[in-house]
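Below are the structure tokens for one structure; questions will follow.
Naming follows writing order (A, B, C and D), and every chain is counted from residue 1.
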Amino acid sequence: MHRYEIPALKIPTGRIEQLTDGIFAIAMTLLVLSIAVPTLQAPVTPAAFSAYVTSILPQIFVYVISFILLAVFWMNHHLFYIIKHSNTTLLWINILWLMSIAIVPFSTSIIGKYGGFQLAQLIFDLNMLIIGLLWYANCYYAWKKGFVAEKVLPYADHIRRSNLALPVLAIIAIMVSFISPAGSFLVFVLVPVIFTLYTVARRVRAHRSPDH
Amino acid sequence: MHRYEIPALKIPTGRIEQLTDGIFAIAMTLLVLSIAVPTLQAPVTPAAFSAYVTSILPQIFVYVISFILLAVFWMNHHLFYIIKHSNTTLLWINILWLMSIAIVPFSTSIIGKYGGFQLAQLIFDLNMLIIGLLWYANCYYAWKKGFVAEKVLPYADHIRRSNLALPVLAIIAIMVSFISPAGSFLVFVLVPVIFTLYTVARRVRAHRSPDH
Amino acid sequence: MHRYEIPALKIPTGRIEQLTDGIFAIAMTLLVLSIAVPTLQAPVTPAAFSAYVTSILPQIFVYVISFILLAVFWMNHHLFYIIKHSNTTLLWINILWLMSIAIVPFSTSIIGKYGGFQLAQLIFDLNMLIIGLLWYANCYYAWKKGFVAEKVLPYADHIRRSNLALPVLAIIAIMVSFISPAGSFLVFVLVPVIFTLYTVARRVRAHRSPDH
Amino acid sequence: MHRYEIPALKIPTGRIEQLTDGIFAIAMTLLVLSIAVPTLQAPVTPAAFSAYVTSILPQIFVYVISFILLAVFWMNHHLFYIIKHSNTTLLWINILWLMSIAIVPFSTSIIGKYGGFQLAQLIFDLNMLIIGLLWYANCYYAWKKGFVAEKVLPYADHIRRSNLALPVLAIIAIMVSFISPAGSFLVFVLVPVIFTLYTVARRVRAHRSPDH
């Protein structure tokens, strides 16, 4: 198939990576707009200002977690995604994945402001589920088509397990939201924890079997 | 003409591509601001929050389509635009084109919020028409001046047809808006569809005539 | 002086260029936020929406001019600024210049919304004056210190004249603002016109004396 | 430890630098959103507009200082941070540091609008303290692990002193805030001053001992 493609009309993969990096940097910085700085009703008393600061504490917590989640997705992208080739299908999966990344500042705003409602949590959980599924589709398709670099092949199992973590957590979060909306968000705090444990575990195993 | 130009005072084309990539990444991420996260009147009831979420569903749909449109424009830029040289005229056409790209988050906001009005649709349609015409002018001028890389030349017809799709669709959308404002926007849903069909058709044709 | 500097502690000029490109791309795209998309008082009538669209026409005009101004500054940066070396002073002049570039979306918002007031125009004019003076200082300092690439040296006069255009126009705009606030802004429409005429004139002169 | 790591799964340090540059460029440009452009109550009188402009003067001052602070952090990053290697721990310190950089437009907004309150100043001071401590941790860890390039090693003392300046100033600012909220912010005006003096001092010393 590939030898019939018009070579001049191919998008170099470097450009897609650059667009990806740009969208991540912007989305991570736009998250800050999810913390509201309203014009308080004059005259502003110290008590009113303190009440406002207290009211944004959950928004700051949500900002921190969302920033870390995006950072994990970004790292995951660079750690596990080494493509030799690409095609139009893979490109479109990537575009849709970037679209679900770029909407994170919105879903973060929603739970920062209205996190007490189950519906708000479901919007965020759904956003994470879509990110997870598209990323899994991305890796699976690249794998099946043989676009992945050979040196990554021995780590197939690690990568498959790692990529299923996010969709599974999102489904758990959706189930938790029926019991406790706020608890639903806490499920995602596990993402950086799992990511770290996984990295440590990999390193420990490597120490034990140096001939591996 | 070119040998009289001051070589030291030339803008390398790589820089323009970088500005283009930057503006696309930012415009695509700023689209998310077209989905409103208002401060609802306290006390916020679950019913009021559900009503709000229902009210932003069209905004999310518009976000998805606009993101895909910008992605198609970006891909088109990389797929078909391979320049060897540039001059001041081409640079200005590019700047004006980028200006009409950077305004997409605004026209997207307008139809996200006020898509029921024909005037709102006309603003979006006009935005798309200007993008399409400037892009066509860009390609046509680069072609006429011989700035295009030689390996792209055999695909002249494909490229010309592809570049006329957007202005033609925009004119159709303008006409549709007189009958149905909402229908006008749906015309642009055809852009990714046409883009995909075109890519598939090109591939199938390549399969049939491998000696091509 | 330079041979005593710690080589490892020098900022490569490529990085400053990248920060410059990033800030320009973002400032040019943030300009779009100067066009207001308010939540109109419900029920929104077609007449109310038309009145809103009419009210933002000046904002769109201001957006177009500001975008072109930033594009001219960006091009000017790449056309005339070829440095071999840098030092801390030059770096700081650059930082202050970038600061006055990054504030353009604010001053554009101000005249888009309140362009009828002389004070609003003065804020924009002052912004342009500071950009012009810092850029002139930048070029003058790089020149005096011998940081400029040798191949640019023969074009010293062109560059000096070109760099004085903006501060002079800003001072004219300030004077015009005392007669007509709206007229003040129109002075800057001359920037792309002068830039284009200057480029054309340079090319014509080059045609006449090919042995130059 | 490093020879057991999976080479294919390593994030090249160039990518982290690119994300850093992107986040800085965006955060520096988003600062401009901390200067409010409200829709004044119609009819807008010249007196009302003048009152508005007077009211944003502190916001512009805060914008200028925050922009310079971010520029200093950015320069510091490039001046003193030359890593040969990286690991997951260092990466996470970097991510958390970037998170505290990306929140600066928020804390700047807060003191631009509510700088008269001690609590507002404390938010900004705390933001600076966290940036300073994470940066110190970053450098200290890279140092301890031997990730720093050898040519930087002779300047260890300069770098250690320089990196302690920000946390110390932030603690002073916190103490000052108990006496005068506005005075607390002025402490940070010292950052660029110290940075400049330090650079000049380094250069003078270099002049005195050229055999150094």
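By our rule, a residue touches a chain if its C-beta (ideal position, glycine included) is under 8 Å from a C-beta of that chain, and two chains touch if they have at least 3 such contacts.
A quick note: this is a predicted structure, and the numbers were derived from the prediction, not measured.
Colleague: Expressed in ° and rounded to a multiple of 5, what is the rotation angle of the C-alpha superposition of chain A on chain D?
Modeller: It is a rotation of 90 degrees, to the nearest 5.
Colleague: Would you kindly state whether over half or under half of the residue numbers at the chain B/chain C interface are used by both copies, giving same or different?
Modeller: different
Colleague: Mind checking the centre-to-centre distance between chain A and chain B? Centres are C-alpha means, answer in whole Å.
Modeller: Chain A and chain B have C-alpha centres separated by 26 Å.
Colleague: Counting only Cα atoms for the centres, state how far chain B is from chain D in Å.
Modeller: One centre to the other, that is 37 Å.
Colleague: By the touch rule stated above, which residues of chain A touch at least two different other chains?
Modeller: Expected reply: 22, 26, 30, 33.
Colleague: Mind pulling up the chain C residues that touch chain B in the complex?
Modeller: Per the stated touch rule, the residues are 21-22, 24-26, 28-33, 35, 37, 39-40, 44, 46, 49-50, 53, 63-64, 67-68, 71, 74-75, 78-80, 82, 149, 151-152, 155, 196, 199, 202-203, 206-207, 210.
Colleague: Where on chain B does chain C make contact in their complex?
Modeller: Where chain B meets chain C, its residues are 1, 4-12, 15, 18-19, 22-23, 26-27, 30, 33-34, 36, 38, 88, 91-92, 95, 98-99, 102-103, 105-106, 109-110, 113-114, 117, 119-120, 123.
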